[in-house]
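In what comes next, chain A is part of two complexes: it sits with chain B in the first one and with chain C in the second one.
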Partner chain A sequence: MASSGGTVHEQLQHNISQLQTIFTLAPDLVIRSMDTEQGASAVVAYFEGLVDMNSINNDVLRPFFHSIHNQEGVVPVTVGNIKNTTKWSEIEHGLLIGKSVVFMEGQAKAFLLDTSGWPQRAIEDPQIEASIKGAHQGFVETAQLNIALIRRYIPNRELKITELTVGARGKTSISIMYLQDVADPEILTELVERIGKVDVDAIINTGELAEFVEDRSFSPFPQLLMTERPDSAASHILQGRFVIVVDRSPSVLIAPVTFVAFFQSVDDYSMRWSIATFIRLLRMFAFMIALFLPSIYISFLTFNFEVIPIQLVLSIAESREKVPFHPFLEAVMMEITLEMMREAGIRLPAPIGQTVGLVGGIIIGQTAVQAGIVSNIMVIVVSVTAIASFIIPNYDMGAAIRFLRFPMMLLAFMFGIVGLVSGAMMLVSHITALTSLGAPYGSPLSPLKFSDLKDAFVRLPLWKMSSRPTNAMPKQSKRQGNNKPDGDAS
Partner chain B sequence: MINRWLLLLVCLFTLSTVSGCFEQHSIENLTISMLVGIDVNENGQLIISQSSPVFSTEAKENEEDYEVISNSMRSARDRFDTLTLGLTSSNKAQVILIGKELTKVNGWQSLIDVFFRDSRNTVSARMVYVDGPVSEIINFKPKDKPRLPFHLSKLIDTALKRNDTTRTTIQDFHRQLHEKGNTPSLTAMRKEKDIILLGTALLNQQAGFVMNVTPGETKLLYILENKTRGEFPYTLIMPMNESEGIINKNILSFNMQKIKTKIKASYSDGKFKFNVHIKGQIYLTEKLFNKGIRDSFDELEQKISKLMKRDFTKLVTKLQRAAIDPAGFGMYARAYAYPEWKKAEKNWTDAFKEADVNVNVNFKLIGVGAIE
Partner chain C sequence: MKKKPVFTFLQFSLLVHSMQVGTGILSLPRQLAEIAGTDGWISILLAWGLNVCFGIIMVLVMQQYPNDTLPDLFMRLFGKVIGRVFVLLLVVHFVFFSWSVLVNAMLYIQAWFLPLMPMTMIMMLFVVPAYMMARHHIVAIARYCEFVFFLSLWMGFVFIIPLREGQFVHMLPLIKEGWLPIFKAVNSTTFSFIGFEIIFLVYPFLNRKELAIPGVLLGNTFTLLLYLASTIVCFVYFSPDEITQYNQPFLSLLKVVEFRFLERFDIIFLALYLFVVSTAWVPYIYSAAYCSSHLLGSSNHSMHVLLFSVASLVIVTIIQPSWNQSELWKTWAGYSGLMVAYTLPVLLLLYVKLIKLVPRKEVHP
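Take a look at the complex of A and B:
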């Protein structure tokens, strides 16, 4: 586009034809000419649908017709955000993101009015990360609204936003939110640099950005926490982390995070601490179950049946007797069936969704056992595994665990318990070596940090957590004063 | 990146040598011998028998029993493999039955070597002395009892809770054989109409059978060994001068609790001396005589202690006469009089025979039950 680089002309007609050359085959571009009593004329241009029609009619067109003075440098509108420019490139971008532009006769500049009002969803309950006691506002597809939702939690001038744009065509605006006096500037530099390097057409969803900026693409584990909860995002900002808001996407990224952060939920902090601790331990236990139970089944049944109590050996062998498949095949078959069911359940529209549950009950149930395809114990193993994998509060982490189950099963099939232990060791060493934006992923276990363990696998009383977690390397580590209630005698 | 893949390959290769993919046996393809019997038949041949569960729902019986004539346990397994549907594995053996005739054979204990040498075998199977031929028990199929291996192990384990019998695993047996300060003891069992526990079978250092002691004596033996877990119910016949008809009205039953046994050993006048102090509490559970307890509380306490002392002394004398030391007095001799022990070590049971054992019993009566 040759015209993009040019500047605005004094003549109105020239500007109109320039507009028409830039946006060819764009029937939704509206160019409205206005002639006032004084004889001065002006033009308003905007994209229909991207602007708020109320704003155009009441705040732009009406004041124009009633009180135009054609004063140099003043545009008679009642819109909040006005910007004047002379560059065609800015006008083009402004129009495309829902601003309206005003040209006036005899003025070699244009006014960009923020009249944007594209189609958007109302703020609703978060869909994936439901919570019992947390707020019921989830992020929506508009970055400004999402930023506002977070600002509501932290009305502090230290909450800064670094704006970036990604995508040659999409021009997605990315806002990095952080507390300037807390967050580590080095991590910010690193983050800005990584996002700056991204050279793509467009970022459609947050997950795409995550894949471009994360530390290790080949790792099965998510290294940036994706959330659709403003309260969770705000709490991470307060801990000295960075929140990356991606325009047009209903979830934000949090970085740097640790492995254990994926097992925490906002509800943990509004429950009694002892109960929250129990639930967190339950999640860790569920993580182990989801990851290892099918492979334990395979290795015990094929290599080391000695470790099973004798009564159980008999009942397993009795129900296995009819099954013509090797335990590994049996387990893989059932696990894949389960994964298919889960995937089907997600994509199906709600009215048909019930059918999946009904049919699933037949496959993973007594009928399959009676048909002699699987054993009783296998059905229990699969069901327990499924339940355990649904307990993990973060969807990405849950998916990672569900995926890792299969290589574990293969190891168990080939090498028994030795394979299982080696697999577990590989995972541990991988998590230890992993970083999230350069910060250790395995924190607070590796590197070991006792003060951070207060809010990792357990959740101690909030008044005990007087310092921020060290993994994000905050500049200000003191988080709160002495809040210990006087109630207890000790 | 290349290095990492190389490392992974090396890891996998190392793994493949660790535990073979070839040793895989699916559980339903195994014949799990849960009961192993070793005996000698009338012709003086070694008989190895086994009982294992059958998993097939088509089979009428849920158990298969085999007996083969063989020279060793491992060669017997090879014979079993030709008989049974699955691969024979005694990894999960619950009970090892030792026939009466076998214990008369010198050096029979070397047969259990396979349980220790082959690391896939279990060492926690219970060893049982069968007062009679083993085949009687292996072929016993009662209608009102669970599978025989469960039947036997449950019989032993529950009796153990009240200390009516001993539970000696293969590993315990191995230790008892090699410990010079004691002699081995096994669970004793006999098949009559049902299978009954006889208490404890006491063996000598060469694993030859010496004698059985009753469940009551087994309890005393446990107290002497200072193994005072579980319950210790005991019944005494008190000198109360009551009638002794069908109902012996002199009977008094009680539970012993918090028992502590202290043994001190010394050596003087050419023999070992043991001072055994047994302390504990007693709670009455049954009293058939009419005499009230309230007025004679202390008297009764002393009487019980005296009678218990009598029983303990009787048992120790019995053991000394038979030249066996299942309670492990030798270990105290070693601890308290090492130079003399060192000399007597080789023939400890002979030295034990000559030893003076002085038992002191001091029980406290802490309760007489819910009624006067």
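Take a look at the complex of A and C:
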């Protein structure tokens, strides 16, 4: 690191040896010297693998050897992005991020050419946020490409990007994208300040940044929405939110978000609005089921069985007569088995994953009941809960809910329905007080914003959504004009 | 964020409303029937008018110093020393009221759900969520109250179900015993209507101050409608003599409600009603902690909330409160409410008007 200070020397040989002292034990560093026809000599250096070889060969080396004019201070290459520099630190960083550097004899400066072309995945369908009607392009691991994907949706000069760098070693470039005439500048300041405070070696994945930036790290709920869909990122930008693109990570962060945003998907807007509303309500219902159903079952069975009608009590008792465990133990056992199966299914390659599902299905669904370890009804409860928790479109939120189920079950086991209500109170208190970058997380329900309810639990017709949600405190609240189709009313 | 947190007109009125509605509603119909018979509902109307008046007086006081909460105002008007004495009185009132609401709810829950559970454990079920909410700013608490209000709106429709078997003839004749018992019964609504003294603490955070008086009116009206509906349904359903025999006629009423898929609906109802009660104790605990942190000159009240929570757990463990004690405390809380919510605003208004008359120099800066 000590050698990275200082400036570029006029003599070529001096520069080459300086380069070699900076990058010792770096066999992938290529230093190519060239003597052009005019007699002036030059050197191109780059890291093999981080650059696009086509670009080096065709745009740098070829023009060099065939250069006709050789003006003083001009490097004869056909690369778009060229930067002059005299600082070794910049050269070092540039080389490491895939640029190539040209030194010329007799010039005390270097040229950084953007020839970067590292190994890169093709743009594919988003994996965990599949959609039926939405676009089939997901983010990839290159920030420039991700930014371009978003820009394709919003070709507007007000779409601004604030660039930051995080990580002493990783030097991850972080781009905050927003609409300047819509997004709240105070939130931007807050966001830049929080990202600026992060002092780590490197950010490997977006999730790490989220954990450093979020408001309350002890909350089970995700406070920043992570998405791998450019269309969903663009639609949030249009609503006045901020999108944080992290280089080398295939997902971006959206902030500030609300609790209900995790229950929405891009498909909601391309379906008939009544059906989209139905599906959204279904998701909220599934959220309730996933969170509370096992604990309601436990509390009714242990404390408050007088609530259940007598026929149901009898049939439950019948199915439980062989089961030696307390309902709580039974439920925890089943839930944990299910979680293990889910986790195993993720890590295993698809063909084996199916086997896990099959084995789990047969053993748990049938054999465990026949063996008298669990009751039929518990199997139903657990599987309904599991299905409900997978309906939630956002993975992080689904995981949070699956996790919260366990403390709820414990409360139900200890205190019955009162414990459950107490747990629900804690959740409501927590969500009410939670903020995402200082904006209330519970909006539009708490604080109540009637105008924002149009796009929360229901999805009203698009022509109704003439104002942006107030949660992100947008400067321009008007989103669209009167688009109501005349239809057959005219 | 750097901006001063504010809340809306609706949040303000719902905060007032939710602080008033607690466990009082469960036994209110009996208390009224004991004194005024089936004319008790008229007392609620009178009490409403009275409370709105006093609420407006509070707003009038606060209007003089729109950026002060009551402890600030005390310090400004009476200086550090005497001001602190007044704040101490406030702390006592709020602590006592939170305590009596908590104990009352705990006794209900113990009687109805968990007869074998130690009181400390039940108290813990209340205090932990209360701590999680009350340690935040009052604006967040107002949001909580607002949310719970809308979440529990459906409970109002449950009143309609027992009406099928009601006898409206119980209500007649109107004013059988003359007006005197009706006036007397107003007194027993005190515990159920206290709560609007929160105006003293939240007025500075209201975003549109000119709507304070409509807010007080709206909040009290919500309370009025709720009490009126529950009392009338109880009077209509039970016969005038029968009603005084039930301790909590409101809960006995709910036993009638039954669905195909759910027997004992009252159990579920009471458990969920805890949410509504929590919107009373959370702001009370906040108020107590806010005033006591002012008393000690610290700006962070969350430590005081924690202290209150732990102390209430310890005290419950030691005292093991009984129903009789709780009733006694309720009466006392009613008295302290009389002081803070009725006497104090009048005196303050007079004082404030008085010092406005004397030349400006002699007033504290």
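Note that the second predicted complex is superposed on the first by the 484 of 490 C-alpha atoms of A that agree within 3 Å, B and C clash if a C-alpha of one lies under 4 Å from a C-alpha of the other, contacts with A are read in each partner's own complex, and residues count from 1 in each chain.
As a working rule, contacts are C-beta pairs under 8 Å (C-beta built on N, C-alpha and C of every residue); 3 or more make two chains touch, one makes a residue touch a chain.
Given the structure is predicted, the values throughout are model-derived calculations rather than measurements.
*Asks:* Could you tell me whether chain B and chain C fit or clash when both sit on chain A in the superposition?
*Replies:* On the superposed model, which is not a single observed complex, chain B and chain C clash.
*Asks:* For A:Glu228, using the defined touch cut-off, is the partner it touches chain B, chain C, both, or neither? Pick first, second, both or neither.
*Replies:* In the superposition, A:Glu228 contacts neither chain B nor chain C.
*Asks:* For A:Gly438, decide between first (touching chain B), second (touching chain C), both and neither.
*Replies:* The second partner, chain C, only.
*Asks:* Just to be sure I read the superposition right, which of the two partners does A:Ser429 touch: chain B = first, chain C = second, or both, or neither?
*Replies:* A:Ser429 sits against chain C, while chain B stays out of touch.
*Asks:* Of the two partner chains, chain B (first) and chain C (second), which one does A:Glu190 touch, if any: first, second, both, or neither?
*Replies:* The second partner, chain C, only.
*Asks:* Would you check which partner chain A:Asp396 touches, where first means chain B only, second means chain C only, and both and neither mean what they say?
*Replies:* neither
*Asks:* Looking at chain A, does chain B or chain C touch a larger number of its residues?
*Replies:* Larger number of chain A residues touched: C.
*Asks:* After superposition on the shared chain, which partner residues are touched by A:Val418: those of chain B (first), chain C (second), both, or neither?
*Replies:* In the superposition, A:Val418 touches chain B and chain C alike.
*Asks:* Let me test your reading of the model: by the given contact rule, A:Arg320 touches which partner, first (chain B), second (chain C), both or neither?
*Replies:* A:Arg320: touches chain B, not chain C.
*Asks:* Considering only the touch criterion stated at the top, classify A:Glu306 as touching first (chain B), second (chain C), both, or neither.
*Replies:* Touch status of A:Glu306: both partners.
*Asks:* Which of these chain C stretches, 44-52, 80-88 or 116-124, gets into chain B when the structures are overlaid?
*Replies:* For chain C, the clashing option is 116-124.
*Asks:* Which chain A residues contact chain B in one complex and chain C in the other?
*Replies:* 303, 306, 310, 414-419, 422, 426.
*Asks:* Quick one: which bits of chain B touch chain A in the complex? Just the residue numbers, please.
*Replies:* Of all residues in chain B, those touching chain A are 11, 15-16, 18-19, 21, 23-28, 30, 32, 34, 53, 55-57, 91-92, 94, 120, 122, 149-150.
*Asks:* What does chain A use to touch chain C in their complex?
*Replies:* By the definition above, chain A touches chain C via 186, 190, 303-304, 306-310, 312, 414-422, 424-426, 428-430, 432-433, 438, 440, 442, 445-448.
*Asks:* Touching chain A in the complex: which residues of chain C?
*Replies:* Chain C reaches chain A through residues 1-3, 7-8, 10-11, 109, 113-114, 117, 121-122, 125-126, 128-129, 132-133, 136, 140, 143-144, 146-148, 150-151, 260-264, 267-268, 271-272, 274-275, 278, 282.
*Asks:* Under the touch definition given earlier, write down the residues of chain A that touch chain B in their complex.
*Replies:* 301-303, 305-306, 310-311, 313-314, 316-318, 320-323, 326-327, 414-419, 422, 426
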